[in-house]
Amino acid sequence: MNPKLIIDATDFAAALLFILGLKRMSSPLTARSGIVVAGWGVLVATLASFLEAFGVTADAQPHLGTNLALGVIALVVGVGWAWWSGKRVPMTAMPQMVALYNGMGGGAAACIAAVELSSPLPSPGSKLAIALVGALIGAASLSGSLTAWAKLDGRINRAFHAKGQQYANGIVLAATIFVGIDIISGGAPTPALTAAFFIGALAYGVLMTLPIGGADMPVVVSLYNAFTGIAVGIEGYVLQKPVLVIAGVVVGAAGTLLTLVMARAMNRSVSNVIFSRFGAASSGPGREIAGAMKPAEASDAAVSMRYAGKVIIIPGYGLAVAQAQYKLYEFVKLLQAAGVEVKFAVHPVAGRMPGHMDVLLAEAGVPYDMMHELDEINEEFSTADVALVIGANDVVNPAARTDKTSPIYGMPILNADHAHQVYVIKRGQGKGYSGVENELFFADNCAMVYGDAQAVLVKFIAALKELGAAA
Amino acid sequence: MNPKLIIDATDFAAALLFILGLKRMSSPLTARSGIVVAGWGVLVATLASFLEAFGVTADAQPHLGTNLALGVIALVVGVGWAWWSGKRVPMTAMPQMVALYNGMGGGAAACIAAVELSSPLPSPGSKLAIALVGALIGAASLSGSLTAWAKLDGRINRAFHAKGQQYANGIVLAATIFVGIDIISGGAPTPALTAAFFIGALAYGVLMTLPIGGADMPVVVSLYNAFTGIAVGIEGYVLQKPVLVIAGVVVGAAGTLLTLVMARAMNRSVSNVIFSRFGAASSGPGREIAGAMKPAEASDAAVSMRYAGKVIIIPGYGLAVAQAQYKLYEFVKLLQAAGVEVKFAVHPVAGRMPGHMDVLLAEAGVPYDMMHELDEINEEFSTADVALVIGANDVVNPAARTDKTSPIYGMPILNADHAHQVYVIKRGQGKGYSGVENELFFADNCAMVYGDAQAVLVKFIAALKELGAAA
Amino acid sequence: MEQTLVGFIALYIVMLAAFTGIEIISRVPAILHTPLMSGSNFVHGIVVVGALYALLNAATPTQQVIGFIGVLLGAGNAAGGYVVTKRMLEMFKPSANPASK
Amino acid sequence: MEQTLVGFIALYIVMLAAFTGIEIISRVPAILHTPLMSGSNFVHGIVVVGALYALLNAATPTQQVIGFIGVLLGAGNAAGGYVVTKRMLEMFKPSANPASK
């Protein structure tokens, strides 16, 4: 059988499996099999691509043995390292790990372009130009993702911003593009020019990412995910591989959509996230809030929930910081055993990545049908006896509904304040991600349970157990 | 500028506009502009295709003037007739009109294949085979759709079925395919063989459609819609026109999906619709129903609705027969003026085509936000004071929920029986489409208002007006 | 390079078009099923473009006749589908008074 | 005939892939957004196939080095994306007792 035919057929199968796999990911019922389906796609296409050995160019023929050996080594090392690191990474470090893997994909796309550029017979000009665009995007995605990884992983702590940084970035980008144009018009790209081009592209990725605050990073990671997709799609065109084009474009569309969803739920624009330092400016006067926060004892709060009919729990970033999801579910199970109806209300941008809280709760074993989205549950707060806010702040700030001067005005929020009684667990007077004061904490029906989320939940559990023993 | 480039660009634009247009049709808010968007696609592509005149084959060159003239005439006549007929057709005759236009599309696809076959230089064998498959599907869709049109339009009233009809159909189909294989293997198709092939395909479409009952026709029309789509897609491949392939495949997918939705909502399989005569067998014993139907006066029913808090109206096929949608909305507006909350509950297969009732109600001016789908409204019946069933039968038959022996068992139904009081408007003891008795009509909380839907609604209106005058 | 729609490239287009169709259509609410049926019927009216191509390239009287019929039928499909779909969709109106929802 | 992915044919594929991606992704509920992000990250790991092609056709030491790095990175993208997505998705479980919903 014709090896080319087998390669084409497996490529086609891979494209089909990707789409079917992604389709399955649109429901928690089928999502687990979705990734397996897509996985088969990459597996068969990778194995089949070794058949390319039967059709290599005459120049590559003498090196075929070496190249095959190099291919196997690269695959084994790459897969081995990624498998090991992926199995080991804790759930909380997921965002940076996704950034890292994503950057690698961008780098691979850039390498494809680099091989194309270093080939002794350069492709026609238009193809060269297209390869260079892919290389620029891929390389920037590589270095940008690595920077994001380093920031999220705490390896770079300082936020780097200098005056005129935007202009410096613009100049680097312009210079890189200029080198690219020189390569295309020159015909045969010299190694020096090629190197300069890639260095420029890599530098731009770093420079663009460094000034962005750590908390904004997830938006950036999602954006780079789209970038890598587009770079892969472009190199797929250069190599005449439709499966790369389709996978790249689909991921490009997916990443763009997710980035927009995230930005919208944060009530900001994508360019605002990338080009302006959030929080730096928003330390303005703010509205004077009347009243005082009322502290409550952990045991009193626990007992009042024990005798409530319905409790809605709103987890936020603080839950992730305290790693208190396991204790939380333990507490919830005790409430359920006592006959209390418990639901989780999950805001789309609670935490620091989209769907962050869902993954966290799922990790602790919370079944997904207990997690409710904003639209689903917002009307139910008025029928809840208690709303328990754990380490969340911005996502329950009523100023988003009422205060036109607030930076979060217009952001959809969870109506915790509509519940009969609200308890808030947080360590102190710390502000949320947006840096604004929260009126809810001063409301008549709200009481504060101060402390680290994990510590408070341990007290809650102890209080319920004591009650059970006493009864 | 290169004419081929303009043609390719307009084709691409057309494909894009089709997809954007269909996307807009997924919401009543944007649906109206959806058809306009898609319309521009066909318009520009049609105009641009006259540029093909610059690139005709040498053989066609001498006939170019005639061909151009013929093209203009055909376009003007075709568009003129269709525009006139489409403007004139009453809403109730929509299904047969859609069948007619759809058949024409299938015929056009078959014509493309016929031109290809009669060309002096036959295409390579594989392409010939593909053209023939498209021709078979297109021609069968043409004659089948015409038969469906004739039946729906009342031009053929008898249902034709002979013993062994299935076998006869099978033989016609096999013979046609055999001729097709002969044409492909023979190389140059002779006019006689080509004619035999098309006659066979046309005959098969007629034979397949004739035995199907008139009420099952909408399913068949939707199926032929998918067929035409596929035929167009195939001929698009033969002509190397991606826009035809995409439009054809998209419509093929859409038609298949709609056919399945319709069949599922009727609780039957598509092959059951096509190959078995429904109703003929289902005149079995059925369950003995205890109790009796209780007749009610139209004026009493109208008055009790006038003083109800909430009325849910369930329209059915009888409303379409009686053309009573205008009177119905007049009545509803009187109720609303009296402060009654009125909603319409529309079953997906109420009437005789999918979405039939929605179009009918929309025609009378009912805003679409008053029409509610099954899933949306089924829980609300228990809070309704009155459920008013107008000319509907099967879609409110509780046997679908409870009686395992009933042919409609398992079909999702509207829970009219959960309302406090049910009124049913129908002419007499007539059964519904499925031919089974309806337990609802014997229920304690159900009263029958006998009469033609239009006549009864006139009485309702009169009763309310009298009440208003008296008050 | 010639732009040819053959082999796997054609398969890719068919696969993607099928997914696009299924995904878009399965979002259409039941309320719009009749206009959707006639709207998709309109979309395959683009066959008129193919029929025009065949007619313009007709070299024999037979081909001219068949091509003429093809364009006639295709034009009927497109124009008829458009008119009835537009008429139906124009009937769908929201409440004038949103409070009465 | 050669199967080439050029000009309008390539544009058609890009357009259809974009629609397919948008339609499928926009149906993913917020609850699955993190796994979706890493799952789509996995999907562009298919770039490893392109990198392998480049490596096997490498004719100079430079090309071999770059190709090697490309395969290494691509393989890391694919395998890493797969593992973390699978781990996350495996945590999503329905209620053992459906009545507690």
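Side notes on the structure shown:
As written, the chains take the letters A, B, C and D, and residue 1 is the first residue of each chain.
Operating definition for what follows: a contact is a pair of C-beta atoms (placed from the backbone, for glycine too) under 8 Å apart; a residue touches a chain by one contact, two chains touch by 3 or more.
For clarity, every value in this text was computed on a predicted model and none was experimentally measured.
The most distant chain from chain A, with centres taken as the mean of CA atoms, is B. Interface comparison, A-C versus A-D: the pair with the greater number of contacting C-beta pairs is A-D. The geometric centre of chain A is 45 Å away from that of chain B, both derived from CA atoms. Here the spacing of chain A and chain C, counted between their Cα centres, is 40 Å. Each chain gets a centre from the mean of its Cα atoms; for chain A and chain D, those two points are 15 Å apart. Chain centres here are Cα averages; for chain C and chain D they lie 33 Å apart.
Residue positions of chain B with contacts to 2 or more other chains are 8, 11, 19, 242, 246. Annotation for chain D: residues 3-5, 7-9, 12-13, 16-17, 19-20, 24, 27 touch two or more other chains. Under the contact rule defined at the top, the touching pairs of chains are A-C, A-D, B-C, B-D, C-D.
Across the interface of their complex, chain A is touched by residues 3-5, 10, 13-14, 17-18, 20-22, 24-60, 62-64, 66-96, 98, 100-101 of chain D. Put simply, chain D touches chain C in their complex at residues 1-9, 12-13, 16-17, 19-20, 23-24, 27. Those residues of chain A that touch chain D in the complex are listed here as 8, 11, 14, 18-19, 21-23, 25-29, 31-32, 34-36, 38-39, 41-42, 45-46, 49-50, 52-53, 56-57, 59-60, 63-64, 66-68, 70-71, 73-75, 77-79, 81-83, 85-87, 89, 91, 94, 97-98, 100-102, 104-105, 107-109, 111-112, 114-116, 118-120, 142, 191, 221-222, 225, 228-229, 232-233, 235-237, 239-255, 257-258, 261, 336, 346, 348, 353-356, 358-359, 362-363, 365, 367-371, 373-374. Residues 7-9, 11-12, 15-16, 19 of chain C are the ones that touch chain A when the two sit in their complex. Chain B makes touch with chain D in their complex at residues 8-9, 11-12, 15-16, 19, 242, 246.
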